[in-house]
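Structures follow.
Common to both upcoming complexes is chain A, partnered first by chain B, then by chain C.
Right, the complex of A and B next:
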């Protein structure tokens, strides 16, 4: 009930204002090309949530949301073109779902003063709001993810990884290389041997990599993959009889389409997730107000899948930040600067998520001027091939802040020095 | 001793990978040989063939998204599950129809145009087919199940385990790669027999040698083009099945064409044996380089090393290993 009344009350409160233009949330999606299988459900979830806001709640604070879509094909140049083509339309926030595009957009959004939200991807040290004023990466970043994997493995191994061999199989790109500094630091701290094995994009052929893994017999393989690399890696792991429950992907290597091509052979494969996937009440609302009315971005078949849920979660965080901005400024017609302020004062509590029809979808966290990274918590889930379902194995696990905080500090300080940025928030 | 045995294992797996590269390269060679067209769309043909195979096998309604959006229906599947063999035969039929359509709609209108024009047309065809495949069968990843075996050969692994000491875990050879090798061998033998001993095959060779001379003795160029694009479509289907079995059928399958380019540079654009030998050399070369030098320079050498190897060959034999020597007289 609160779900429906809160936006209504805010809408009534703000309705007395002048006639409002739409709130614009551009969607830099990829529905074509080799990474489309991941891009489509994310974009569907992202767009459907804004449609739900419009159809069920009459918009955000009474103002309709508009989501202009621009196809990037996961191509960095096209992503930048999409940004340039849509930014003049009153864009409030960008979520490009690509680390490569993110790196190109960081200097642009800092100059254009438009917030960039890279949820669980992008430049990790952007978590430091003192340096990255316009970039946010809550609720978790890659270094958090790497730390959560190691923490989980330690729990599974009686609290120690001393002498164990861990292989990082990674997409040979800016994205895939992100967790390396953290894993190297954790390797020194916990005494495990880390081996790095890159896979060139797109990763259709991985025979050499898996022969190496077969020779070296690591205790665990951690994967930072995306697109076809994930499906091939899981199949190759099965081919060499690598124990699936010792194979853990990050949150971009843990969707249904990553495991289904390998069939029963993928049973037991594990992956991180920054958002728990269960049958949330909000899905019923989406089916009623969006899919059944023929307004869904896709055909509705993705509702409830891992990446659809994550896209919806990303949209929900944007909507909640917009609402926060509206409450802070007393106007429904917010601009990008107000949106940024809203993001910087965002508080996600268990009660709020429950009221939105997504109880426990993510960890509780608070964003601040200095902390743009959130709690960094993630769960570990396991694929049950028989039921074709991801089963959560753990509750949200906190990362090792003792290791990550200095890395973020050092990397962001280097960025600040290179770009002549004076730290803020003092 | 252990390292040597592992090097042998890498070499064998390189040969097998090379066969898979050669399967893609074969499609390029067939079309180039018969028409002088570098078919940029060959990778997309493999994708389209594999999408069609899975779609037919699973009884997927083609253009379901379009139909549902236009008429408000909720169609997705016919409700049948076709046996793999039937689906493969039907897919071959679709590829032949596609070859006819390509000839009627594109090639027929470009007779006597410069090769670069024909090449540009195939770029357009690639983009069209990728989008057409998407609209027809959807962009989600599809599981390909035509009964191919997956995983290493347990017998070989157990029989050879311990040969080089306790750290040698036996030879690993993927059973899918063995099947791919056998299929490629059958394909090459069939193509060779077809081109040597059948009337159409001889016509095809005549066109490959000299278009105008072939036309003057009554060979239909249009028929030959349909024939050769049909065969290339069938080869693309085989490549799509072998690669799709590893990764599921998805749009990155079209990128396997990138693996064929160094093979073509090395083996020559006009030789079927060249495609096979080139594939094997690239496969073994890139895998051995990754095994020996890769760890010293951070790995992920295969993509670029294949091109470097091809370039080295180009310096000494610009026409490729089996390509026709280019002789230009003033």
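Right, the complex of A and C next:
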């Protein structure tokens, strides 16, 4: 028994030794369940970028990054357990990739003082840094996304959507319901008719929804889907011969695995994206330093896919915020509060992205005390089933701040009143 | 040797019919309570509270509730998730409509509203039985979840359709919302669990419980000996739903703090709690606790063992964990179809004879 315990104790010592000097970025991932198809590439990209930092650059500012992984299966209860299990480890930032889990974590991170970054998901009004001190959702949020879709459709239709019928097909959860207030406000402003069609989670069964779409013949269908729901919706749209180029998904409904099951029928399907997907030089580095050394989080097959790129983008934003924090404080071993300050002073410029080997991956933006939401810009991309490639159709489109800003103000003010938060940054 | 009635003389009927007639049992019960109230709150941290004790206690309350209906009264129900949702949403509406009302009353109010809804959905039980009733309660499950998703009044017109618990205090200590201490969160659940379990145990020993069991064992015979099936079945639905409603309210307000009805109170929840009482033991209060412990703690334990200690990949662990828990459920049910409570009972019988079994 002693001989068996000795190496184990040694292992514990070895693991505990350098742990004190690590920068910890917990990854609440989901590699199982109906949402795994999206969770796996995102988590691979997220972890591989930190591994790249360690292998190529010797860590972040000389300190190694450590990424403890915890499986949530997109389930809020497991998400809370994962948060509690990892937060004592010196966690610097949480990115749960789930709107439901985000809602659980917002009060917890505000109390525990750990920053939460929900890139393009989560609670939209967290963009108001005056109320949400520890929550960030740059570079874009759902309301931005909804506005970008409508703007794009306006441009396509000669500047007016008067009298058009637009259907929102959404995941019947906090995630899918988020864009509704914005779309309703925009429908009033631009005079289009909005129909809401919910799909219950996980969304394998959508016959009745698409029957309704076939009956109502909307001009456009906008989809807020995730996981298996996207693949089913695209297949159903193909089954009723809905014109694919009039079907637009948000940025969580526009990855390769969403369109490939429908084969050629998915050709022409459009989706938003908040990061461009091209063959960035950084992928070559990841292949050399991470995949070829056998250190990849997954099997390496996802490198360069839409969600892998987004996961890597999320990790890059976290690393850049950590570097900003290191520069601001002059210490390499930052803590969660310093990380938060770094995030609040983050500046993403074209030169910076180019230097990192991912030129033009996202829009340029700066974060400030009052603005935790970034620029909100997104591109529209289209699936080319023949080449099996997403083709960008537009440059980054800016959302309609005139509509979104008052909505964010109102929603965050309601949160502040409910929880007795005094606005900061004045 | 020490676990036996011999020498433990009872001089009154009251003493003779107490819950724990054997001295050792009684002292063990007091010891568990003492540890739960006087030791655990001082050593508990956020992880132990949010990942282990709080969910365990809340699921135990829900399991006791369902056990009253299924185990004691024999009315199969698949509506548990929906009834928990009623408790959660009723509690939320009370919390936001009356900000000065103490959270304890909001939770009890959630229970009462659920009891009323439970009676309503229990009405078909007067005409239909068994699997047919299960289907009727399944309708309740889907209807209630749909209702809370569809009608914005229930979630106060929030943009996301989520309900989130504002901060509330008991004796000046926050128990919901941000900044809750782990021990406060644990203690409020513990108080509810202990009081409700004690009440359930005594209810099931009395007239009401006996009429439930009479209906369970044979409803026609029960009716002939003078048990009113309307009263028995509807009280079972009311009491059971009250418990489940309180569990739902605690689940929302104290444990998660924000819920989304489809995700938190879906059909999986109904099945999970049904599995708890089947594994724990139908018609047993201890079984409800044992079943909740089995299904809440075992996955967490396996995860910590496989990922934390052995360093397995998280996805592999998640799959293996499903297999192990599934295999254990099947194994347990083959070895003892009456659940963990029966194993416990057999163990106690053996202990009585120990060390001289005949």
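Everything below uses one rule, namely that the second predicted complex is superposed on the first by the 406 of 426 C-alpha atoms of A that agree within 3 Å, B and C clash if a C-alpha of one lies under 4 Å from a C-alpha of the other, contacts with A are read in each partner's own complex, and residues count from 1 in each chain.
The definition used in the following text is that a residue touches a chain if its C-beta (ideal position, glycine included) is under 8 Å from a C-beta of that chain, and two chains touch if they have at least 3 such contacts.
Quantities reported herein were computed from a predicted structural model and do not represent experimental measurements.
Student: Based on the superposition on chain A, does the combination of chain B and chain C result in a clash or a fit?
Tutor: Aligned on chain A, chain C clashes with chain B.
Student: Output check: A:198 vs chain B and chain C. Expected answer is one of first, second, both, neither. What do you get?
Tutor: A:198 sits against chain B and chain C alike.
Student: A:88 in the overlay: touching chain B, chain C, both, or neither? Say first, second, both or neither.
Tutor: Second partner only.
Student: Which partner chains sit in contact with A:177 here, chain B, chain C, both or neither? Use first/second/both/neither.
Tutor: second
Student: Could you tell me if A:32 is touching chain B, chain C, both of them or neither one (first, second, both, neither)?
Tutor: Both: A:32 reaches chain B and chain C.
Student: First (chain B), second (chain C), both or neither: which does A:215 touch?
Tutor: A:215 sits against chain B, while chain C stays out of touch.
Student: Should A:419 be classified as contacting the first partner (chain B), the second (chain C), both, or neither?
Tutor: second
Student: Would you sort A:137 into first (chain B), second (chain C), both or neither based on which partner it touches?
Tutor: A:137 contacts neither chain B nor chain C.
Student: May I ask you to decide whether A:108 touches chain B, chain C, both, or neither, giving the answer as first, second, both or neither?
Tutor: second
Student: When you line up both complexes on chain A, which piece of chain C, out of 80-88, 98-106, 134-142 or 188-196, runs into chain B?
Tutor: The listed stretch with clashing C-alpha atoms is 134-142.
Student: Residue by residue on chain A, keep only those touching chain B in one complex and chain C in the other, then list them.
Tutor: 31-32, 36, 40, 172, 198, 200.
Student: Would you pull the chain C residues touching chain A in the complex into a rising list?
Tutor: My answer: residues 45-47, 50-51, 55, 149, 159-162, 164, 166-167, 177-180, 256-260, 262-264, 266, 300, 303-304, 307, 313-315, 317-319.
Student: Spell out the residues on chain A that touch chain C in their complex, using ranges where they run on.
Tutor: Residues 29, 31-32, 36, 40, 69-71, 73, 75-77, 80-81, 84-85, 87-88, 99-100, 103-104, 106-108, 110-111, 123-125, 172-175, 177-178, 180-181, 198, 200-201, 411, 418-420 of chain A touch chain C in their complex.
Student: Which positions of chain A touch chain B when the two form their complex?
Tutor: Within the complex, chain A touches chain B at residues 31-37, 40, 172, 196-200, 202, 204-205, 207-209, 211-212, 214-215, 217, 227-228, 231-232, 235-236, 238-241, 257, 260-261, 263, 265, 294, 299, 301.
Student: Along chain B, where are the residues that touch chain A in the complex?
Tutor: It comes out as residues 6, 9-10, 13, 17, 65, 68, 72, 76, 130-131, 134, 139-145, 150-152, 169, 172, 174, 243, 246-248, 250-256, 259, 286-287, 290-291, 294, 298-300, 302-303.
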